[in-house]
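Below, chain A partners chain B and then partners chain C, in two separate complexes.
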Partner chain A sequence: MAPRRKIVPPGDAPRVIDQGSVWILVAAPSIWAAHFLISYWVAAIWCAKLGRGTSLAEPRWIIAGLGALCIGAIIGLAVLAVRRYGGVFVIFEEITESSERGRDRFVGHVALLLCVLSAAAILFTVIPGMVLGQC
Partner chain B sequence: MTEEIDLSKPPPAEPYDRARDEAQRARLMKVWETPTGWRRISAVNNSSVGKWYLLTSFAFFTFAGFLALLIRAQLAVPNNDLLSQSLYNQLFTLHGTAMMFLFAVPIFEAVAILILPEILGARDLPFPRLSAFGYWCFLIGGIFVCGSVFFGVAPDGGWFMYTPLSSDPDYSGLGADIWLLGLSFIEVSSIAAAVELIVGVLKSRPPGMRLNLIPLYCWYVLVVAGMILFAFPPLIAGDLLLEMERAFGWAFFDPDRGGDPLLWQHLFWIFGHPEVYIIFLPSIALIATILPTFAGRPMVGHSWIVLSAVGVAFLSFGLWVHHMFTTGLPEISLSFFSAASEAVAVPTGIQIFCFIATMLVSKLRRSVPMLFAGGALAIFVFGGLTGVMVALVPFDWQAHDSYFVVAHLHYTLIGGMLFPLFAGVHYWYPFVTQKRMSDRLGRWSFWLMFGGFNLAFLPMHWTGVMGMPRRVWTYDVTDGWAVLNMVSTIGAFVFAAGFVVLAVNVLWPRGKAPLVVRNLWNAGTMEWSGEVPDKPWGVRSIPYIHTRYPLWEQKELLGEMDRGEWFLPDAEEGKRELIITDILDARPLYVQRVGGPSYLTLGSAFCLGAVFILATFHLWALTLLFGAGFIGFTLWWLWTGTSEIPEKPEKMAGRGLVLPTYAQGNNSPGWWAVFITMTGDMTAFMGLVFSYFFYWTALPDFLPGAAKLPGFGWLLIGLALLLASWLTALAARERLAGGSAGQAMALLVAGVPLGAAGIGAWGWAAWSAGLDPTEASFDATVWVLILWMGLHLLLDAVMRLYVAARIWRKRCTPRYRADSANLTLFTHFLALTAVVIFALLALFPMLMGGA
Partner chain C sequence: MVLAGCGGRHNWLAAAGEEARAVETLFWIVLVGAGVIWALVVGLAVYAHRAEAKPHREREARRFILWGGVALPVLVVGGLLIWGLLILRDITADDGALTVRVDGERWWWRVIYDTPEGPVTTANEIRLPLGERALFRLTADDVIHSFWVPALGGKMDMIPGRETTLALTPRRLGNWGGLCAEFCGGAHALMRFDAIVMEPDDFAAWLAQEAQPARVAMDDPGFAIFAEEGCGACHAIRGTEAQGPVGPDLTHLASRDKLGAGIYDMTPENIARWITETDAMKPDIDMPSYPGLRGARLDTLVSFLMSLE
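Our next item is the complex of A and B:
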């Protein structure tokens, strides 16, 4: 007779949040989204309230400064993805090991890729802020 | 002390015993049997509902395709009068609407409902009755919207229903109401499916399938269902505003009364652009599943595809204004969206490169599914490149609303969505029917469609550049578009002929044809583990998965599953059972019992459909009657089919694994479903908040003077009462857990009048300030926020009384209290909504110096 062992249902919420496993996947793109929306709002409200032809000198620095801040935060996330999760930057990934470590490395790897994509997308958003001089 | 079982080293299975195997199979068969005859409509199993969903979507596709042929016939020659202008407007509107809302999105849900549980090695999705409810909503709503064309009252304002064309009664009639209400109803079914699929991927995976082992298809389903949750609700908010203006004259889009027609465009495209990716990603997911099979190796860059799916999902929400480049927004705003539109090409391209890399490093087997997949990539890349062109503001100013855009969008959608889907039809046909399609007809249909498509749509790039506007009813011979249009029309009919060949190939009766062999294509994913002939239970026993392509990498798997050596090989209690696992590592958490065949979901969907249809014709008394019917059927369904107290607290699941038979709080899929639904609800609410700030940004005098603002004192009292009502739900949960069922019931019921008093105070604040929603956009916005809160409180009251009744009838007890936990979660969202509304009505105007 097979031994009867009991399983402890551990619940989901604490594991998901404490290990950050799922959140780190969406953190970097969320930072992109926040930067994008704030840049859009700042410029839209600035132009709507001050009218056409207004100089964009001030919002420009808000957008660029915020961009630098966000990229800094993303670099922090990338470091976390590498150090804590063991994420690597490879093309032929074969992280198919069936273990918690394998799962962490996979999440870290994808999070790292998303950090690169999000940082690039933020740079894309900053460019028009730098180029256009007025509303 | 209990310990966790190590799934990689389970105790050995008991020796095979034929008599036991047959008895188990007989019991499983009885439990999972699909009703026959006319009772079949009560079926809720994913294999039945998925098939209906698929066939219904294709029926709407055929209908919309037929409309397209009529459009092309009208445009074949200059100065044609085959169709009247009014009918032509209805045809192109209905063509776009049906293709987008009745085909492209539902077909994703159809395919996912059909194959997702099998790819996950699960018996069904966690809420089978919800799937059935969603299907019936889709069917009823779709027939209502499409049927309107036969009465000459189909919507005629274009598939994006721009205001004021759609809001001014001089330019729009019943058709606009049919569009708004019919599609809101269908969006309900999309959101229902999204909830089902998200919980399915997160919680119904087979034991052992950790995040790094999830098949690509499931990643895509998760991402797309998440996108639906954030994209569809803003449109529901927009629908609400537009219908309030149409039915009751509220001032949202009328510039004379402080409204702004551009608000509709924002709300529509916040939905509409992500929708393009909601359509595209699931089809690309089909290619990502088919390709490894014919390449005979795992996908190159599995994680890069996950990256691009997640990346596209986010970036696609930053593109909506690129549909509005010509509306006169500041150039800086346009540039942000242009930049994001270029950025999204990066992750999209990564997926395509992964596919090409996989093809290059393997020796590809030739097959009809791969033919369609190859055609899809060719067409899609072409459409993607014109997409990069129209994402540039100056180019778009030239091409906007011309046939160039028509060509672009058909290249992306037909290449990115339709051809991969046809590849999927050929690939999974044997999985569904256990028969094979004709390869010869398959090749014929491909080449007819591929050739016909390019013949029809390639010339449109030139007609567009030559100045032909989209949606134009006819043109003059001097415009110089006649030859190109004739070519397009011929191409469209060739394309249609290809589809007819495909339809014949699919529907051809193959009663006497031999059954296919098991795992016909030698695929690696779990859906091909099904026995031939098919069994209704999905999997004989639920296996332990520790690889990405189990059928390739776990050699013994099929035999072990068939002999019932894995989990839940039996149905001793006569119940349909699934294993619920955790999100990260798919460790088994508990055995979920799901509902079997039922007419309740059908009744519920029918009543809800009647509500939307009757509201279109302003038959308010009947609307209310059917609304009550809807609530009645839904409560009956919940009462008899959810959170049932098990006959024993835990059961043997096999291989030494003992699992609980009841779960509550965040262990239960129901809790996650509430969480996900309410996230969607918050997104719709955010659509209203966006509207508020949009008016404030765009209109200099949106906020009225202090005298016209709702009274701060009453708003504060209202907020206090609403928060007190929320606290009663919290206290009720605690009291119930503490064993005091009576106090819990009293607290739940007491929360109802508190909520009513709270909303009453808010209503009084607005009323006494003399706010008239038909007068000004500020007044209408205040009232719609209060209305939003009121509708939610109504739902809250019904749920409180329901849970109190459950406690009274001992269906929700101090030990088994999932209902109470789910209600509390709902009230958290309600409290948040109340605080935000208070901030908008009381605090923001004060900050801006309005008071």
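Our next item is the complex of A and C:
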């Protein structure tokens, strides 16, 4: 007997990042952390294998390329925070409304700020790789 | 008290080296910039406190927050980061007219000049030619140390198992102070050295002299005592059978200004006390005291050591 599949109506498929989910808050900082860790690994392994004074030409482009991809993903998250959560960058009135809508707007606002912070942090991870040319 | 570090031979604002000047320029710009930002923030706080409470236009407020709170900090911090990294890149770049290897030990400095004629080993004193870039290759034998001559340039960690580099380009003659800037155990604060900047000709003459073996007569009674007491097991005197690699090279001991890694004047009295009360002069060091050495025997040994010029 074939396993029964749960039929999900179109449009109601569960999304990890959507209204009501707080995952959007940790997504952007997680992308920064992953970029930082991978950059560290790439540079450390490269320099450990090839030795002191080796050019960082290849790993620096891996780090920068990865940085561009991550910033792209963070921009995508920022768009989600604005469109699905109604997040705004600067708030002019208190978000104290105890409702789904109020909570979404608060999460969207915080997510947007974290997106900016994470993008700047990725930029600051890429800069040393671009300036320092060798191990 | 606060300004105690701003004078004398450890003065990092003495502009005695190219690299120290680069760091100093960055310091003044950061200081002035921080002052401007502080004044702006305090000014805004005063304005917010005094101004009549009325709403600003949302568009202006949003623009102010975006530019002042996001764009400006990212640009300023990013710019300073790039500037700092460029200085770091320059002062660690792998080139120099002179290469000096310095190995950090608890609690002294093994110094080796790489010359076309071969390595020249000395200890606890570094001499540099004025205006020439010297590249230091830094290592550590036991724990992490940090090599710093504040008046000449930046500091750099010495890490066991790794080699780090640091360039110093002296711009002022003088006897500058160097020290270990990373806590490394009991006698950390007594791990010092002199960094003496000389005219290039004087430096070349000094290095040529330093490369020579010691002028020791094999029947020198002082050397006989040195050998009998087993000093040669740890200390080397080039040109003799004493080739111990553990402690500082003593080939030209008496030509150095200081004893015990930059902490005592090189005098017969201090050498005598160093031998007999080592642990009192520099606690925790590996060299044992020789309290049994006294009288004429000690005097003969000290005279021999003072003859190693």
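The rule is short, and it goes like this: the second predicted complex is superposed on the first by the 112 of 135 C-alpha atoms of A that agree within 3 Å, B and C clash if a C-alpha of one lies under 4 Å from a C-alpha of the other, contacts with A are read in each partner's own complex, and residues count from 1 in each chain.
In this section, a contact is a pair of C-beta atoms (placed from the backbone, for glycine too) under 8 Å apart; a residue touches a chain by one contact, two chains touch by 3 or more.
Quantities reported herein were computed from a predicted structural model and do not represent experimental measurements.
Legend: residue contacts after superposition of the two complexes on their common chain; A:Val131 is shown touching both chain B and chain C. Comparing chain B with chain C, more residues of chain A are touched by B. In the superposition on chain A, A:Val22 makes contact with chain B only, while chain C stays out of contact range. In the overlay built on the shared chain, the residue A:Phe89 is in contact with chain C alone; chain B does not reach it.
Once the two complexes are overlaid on the shared chain, A:Tyr40 sits against chain B while remaining clear of chain C.
With both structures placed on the common chain, the touch criterion links A:Trp32 to chain B but leaves chain C unconnected.
When the shared chain is aligned, chain C comes close enough to touch A:Gly53, but chain B does not.
When the two complexes are superposed on chain A, the residues of chain A that touch both chain B and chain C are 52, 92, 120, 124, 127-128, 131-132. Of all the residues in chain A, the ones that touch chain B in their complex are 2-13, 15-16, 19, 21-22, 25-26, 29-30, 32-33, 36, 39-40, 43-45, 47-49, 52, 56, 59, 91-93, 95-98, 100, 102-103, 105-107, 109-110, 113-114, 117-118, 120-121, 124-125, 127-129, 131-132, 135.
If you check the complex, the residues on chain A that touch chain C are 52-53, 89-90, 92, 116, 120, 123-124, 127-128, 131-134. Contacts from chain C toward chain A in the complex involve residues 58, 61-62, 65-66, 70, 74, 77-78, 81-82, 85-86, 88-89, 94, 163.
Considering their complex, residues 2-5, 8, 11-12, 14, 208, 210-213, 300-304, 306-307, 310-311, 313-315, 317-318, 329-333, 335-340, 342-343, 346-347, 546-548, 582-585, 587-590, 652, 655-660, 663, 665-667, 697-698 of chain B touch chain A.
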